[in-house]
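Next, two complexes with subunit A in common: one pairs it with subunit B, the other with subunit C.
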Partner chain A sequence: MPFSLHFSPTPLITAPSPLSKPSFLVPYYHTLHAPKSPLCFSMEHALTHQGKQEAFDLRPEDSQTLPLGLRRDAMPSHVAVIMDGNRRWARLRDLPVRSGYEAGVESLRKIVEICCKWGIKVLSVFAFSSDNWFRPKVEVEFLMSLFERGMQEDTGIFFRENIRISVIGDLTKLPKALQELMVNLEEATKNNTLFQLIVAVSYSGHYDVVQACQRLALKAKCGLIEPSDINVSLMEQELETNCTEFPHPDLLIRTSGEFRISNFMLWQLAYTELYFAQSLWPDFGEAEFLKALLAFQQRQRRYGV
Partner chain B sequence: MERIRERVIQIYGNLVSLLRKCIFCILSVGPIPNHIAFIMDGNRRFTKKCKLMKGAGHKVGFSALMSILKYCYEFGVRYVTVYVFSIENFKRSPEESIVNRYGVRVIFSGNLKLLSEPVRLAAERAMLATDKNSKAVLSICVAYTSTNEIMHAVQESCEEKWDEITILNSSGAGYGLISLGGYEQDEMDHLIKLNDIEKHMYMAASPDPDIIIRTSSETRLSNFLLWQSANCYLYSPSVLWPEIGFRQFLWAILNFQRIHFYLDKQRQQS
Partner chain C sequence: MDFAKLKRRLYYWIHQIVNILLRLMWHLLHVTIHLCYFAINIANALESHLISKGLLRRYKSLHISKLQYLAIVIESEDCRTLNVIELLQWLADLGVKHVCLYDMEGILKKSKDFILEKFDGATLFQENDVLLDQPLMTLEFASFSDGKEAVAKAANVLFMKYLKSGSTSSYQGEQIFTESQMGEALKTVGGNGPEPDLLLVYGPARCHLGFPAWRIRYTEIQHMGPLKSMKYGSLIKAIYKFTMVQQNYGK
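What follows is the complex of A and B.
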């Protein structure tokens, strides 16, 4: 889920933690960071709303920002996250489900900021699965409007902080306005290089392989390749994760204590380290993320050997 | 004295077996997993840990596998799949007593052409010998990686579709299905669907696993059943494979039963 700029004054996280204080700076203009890609309408809109603008404190080259115990040389290049537990979080607090999703958006925003600071190059988030279309219509409509709102409001941040946005999934099922917004945002931020956020919407691992297969079949039909030419490399070129230099996540984190992948990025997770966190997604903050990364750095990866 | 000792061991064995059957009776009130897959990780580490001779870990691991198969088939699990990381894990074929007692059909899944001649022949013999068994299935994944399986299935699907379209075109009924240059979404949808790919998987004879168990605390799939693991419960006990026992099996079943209702609903919706 894209993050929102609305900072909530009331703490959303019940478990106190010394690391849960937001680390971004007080609102001010980042005049030194000129946007690197063409402006779109919402960028102009974003820049004229000074009161809402907040900037991240991003210094990926400064190794002193890494917490004790974390090694920069062993940081994963690509982290994938299944953001589970938003609804449960809301139910536990007798709040409506939409509050859970909004809290989830805040949590994502914090994790994106941390990833930028700690030198993680790519973060993929499972925002909306192909299977989620079966949820109640009201909930689905709310989520679509949340995505649209979030992307519009945070466009300024993406440009200012050199963040590239990529969207993967079957976008044809989304409302037209949201489709256009996503496509425009992808195009406008495609040359940003500091950090890449891949948002999986209406996506599933099965869908990804099937659409890659369909593309290859079409190429075979058009005589560009023979079916017998199909190999792992050709498959990878057609998977939707071809939008990134690091298509295979090094680490997958799933929150809320569920031990399954739920049809997220199946091919790409071949040698990914899986980490299952007990906390619900809105509660998954810097402390939990640090725990996951420390656990990752202690693992011996053998890549099938 | 020796006879008394043997008798005591026999009585103890029978009691344990009876207790296990009672536990299975109680558990079978809840859902029974149809398919459990195992990644047998930790044989070499076991050898090092217990300071055994080289290869001894695999022998102990093999006994552990036989026990686990016994629990699975006793409980009523119809499909069991094991991932043979190295050919060392699979120098001996499953004991005939287990295969015969539980009517197990043995299938070798993977790119068998990559196996050496004697191993491939032994595999084919085992498959032929158990072909008539129908109560349960044991899939042994050897020379197998999931990405290779998916790629192979994609290749076969493309070849099959290509043949179909060629036939249609030669009869004049395939108009509009072949075009040069750009394509439309509808055309893509007609081409290949999920079922077309699934039927070409090496593991097509088995349903998707309900539980994947990987020993040695390693939480990764290592290119095993990636396609099939979409909605299955992943369990990684800390014991090494030769140390796996009834306790871990029971824990996996209990957790599976806890989440089964929700997972079943997901599967029906997708």
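What follows is the complex of A and C.
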């Protein structure tokens, strides 16, 4: 006789009822939830004698794809990740730094798979910051070759799994071959709809804001907009994250125990839940990701309302 | 009795017993988890108490000079002026010299005069103030209009300068603005203060609620919980943690 158990745990933070007043400041509004009663329990009888079967409480797809405790209706649409700790991971194991980065790529692959499975629509990853250009030349060259190799190797997966790739950042600083590869991959996958992976390379939040101002200035100069039209809303449209339906991350995860956002998506993170994980990025797996999502789902977020 | 009937009854009772046992186990699990979190909260409260009494050696000497500029984000709903004044008093006692108070709706800005009157250990931060040691704490008050709206105004300023310069560049690849120009434009519109070293978030959600984004590139962010539950020991712990951080700035 198979038994199945389904539960949603009681909250550790009590959430008061959400306010209903809309605000012009709020891009969108999440309804907060009071979690359901602690126990939803169902049991399947295998009374083959009478051929009776009790119905499960679970939807079949939920029992297969979502871990216990996660609610599909409260999943974040867009998760951003600062993949920190690759070098430290390698040093702790007396390995060369490149091993850390390679392990980081594997970790990213696993997280992408999990996101697809759990219904997260967009994952943004901070792969290479504008400040990282100051790292040793050998390390930077290795990273560029790693990006190239990774994108080439996974092209088949992107098509097979219906994954759209977008790259944001100042691509002019990248090697020409890598620039071409990225542009071609973006173009080739632009109609994929299941999941979007945004890779931030040679990116910084400051750069994003400045390039948005630049685009607006050029538009105003060409007469497409009036200078007096330049406002918060127009700025948002010109940021590099306009490549996605969900430009504002709901959840930011930074690994390796550092408590800062290091110039990543500064504008976009105004209302983003910040989760700082202690583990290093190559060790950040399904269990840690689940913890981050559970913390997100339990947090009370008002978006300034 | 019919054997089949007996078998069905037996199955039924086994199901009932297993059902009850599973429910019991489930409730036990819940109780255990709640007890664990209760114990953790008690431990945190005790630690906070010991820190505030100066009984934990580690927190006795803070390298407060490392904290040049502190920002505090408060959820507008939680803005209790008396709590804010108490918090400022704690910060003054710790030797923090420059503080920025932010809430999205500008409630603290509106109460600025009241706060400065009640907390006589502070002066208003002037934009051209340099972060030097001063006898009195400097206070800056910020709201949403100093964040994204200020950047939009700065974009306008940049554009007007660009038009006046008569530049002929018309394709998007060319860089016509730089980050330092943006910084200058923000200063012009009154939206560019110092970059905080540490940002403390008092509110239910762990997010910075639109604090001027341009200024928090490398800012350490600590979530402190609701303002009404603020503890002196937690404040010391947060500042201590900050002073122990080493930043590479991407290098």
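Note that the second predicted complex is superposed on the first by the 241 of 305 C-alpha atoms of A that agree within 3 Å, B and C clash if a C-alpha of one lies under 4 Å from a C-alpha of the other, contacts with A are read in each partner's own complex, and residues count from 1 in each chain.
By our rule, a contact is a pair of C-beta atoms (placed from the backbone, for glycine too) under 8 Å apart; a residue touches a chain by one contact, two chains touch by 3 or more.
The structure displayed is predicted, hence computed values, not measured ones.
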Partner chain(s) touched by A:V138 [first = subunit B, second = subunit C, both, neither]: neither
Contacts of A:L92 with subunit B and subunit C, given as first, second, both or neither: neither
Which of subunit B and subunit C A:V183 touches, first, second, both or neither: neither
Which superposed partner A:C222 touches (first subunit B, second subunit C, both, neither): both
More subunit A residues in contact [subunit B versus subunit C]: C
Which of subunit B and subunit C A:G205 touches, first, second, both or neither: both
Doubly contacted subunit A residues - partners subunit C and subunit B: 130-131, 134, 172, 204-206, 209-210, 212-218, 220-222, 227-228, 230-232, 235, 258-263, 266-267, 269-275, 299, 301-302, 304
Residue numbers on subunit B that touch subunit A, as the complex places them: 85, 145-148, 150-151, 154-155, 157-159, 161-162, 165, 177-181, 183, 185, 187-189, 191-194, 197, 218-223, 226-227, 229-235, 255, 259, 263, 266, 269-270
Subunit B partner contacts - residues on subunit A that touch it in the complex: 130-131, 134, 172, 204-206, 209-218, 220-223, 227-228, 230-232, 235, 258-263, 266-267, 269-276, 299, 301-304
Residues of subunit C defined as touching subunit A within the complex: 4, 7-8, 11, 15, 18-19, 22-23, 26-27, 30, 33-34, 37, 75-77, 104-105, 144, 147-149, 151-152, 154-156, 158-160, 162-163, 170-173, 175-179, 181-182, 204-211, 213-214, 216-223, 241, 245, 247, 249-251
List of subunit A residues in touch with subunit C within their complex: 1, 3, 5, 7, 9-10, 12-13, 25, 38-39, 41, 43, 45, 47, 49, 129-132, 134-135, 172, 204-207, 209-210, 212-218, 220-222, 227-228, 230-232, 234-235, 258-263, 266-267, 269-275, 299-302, 304
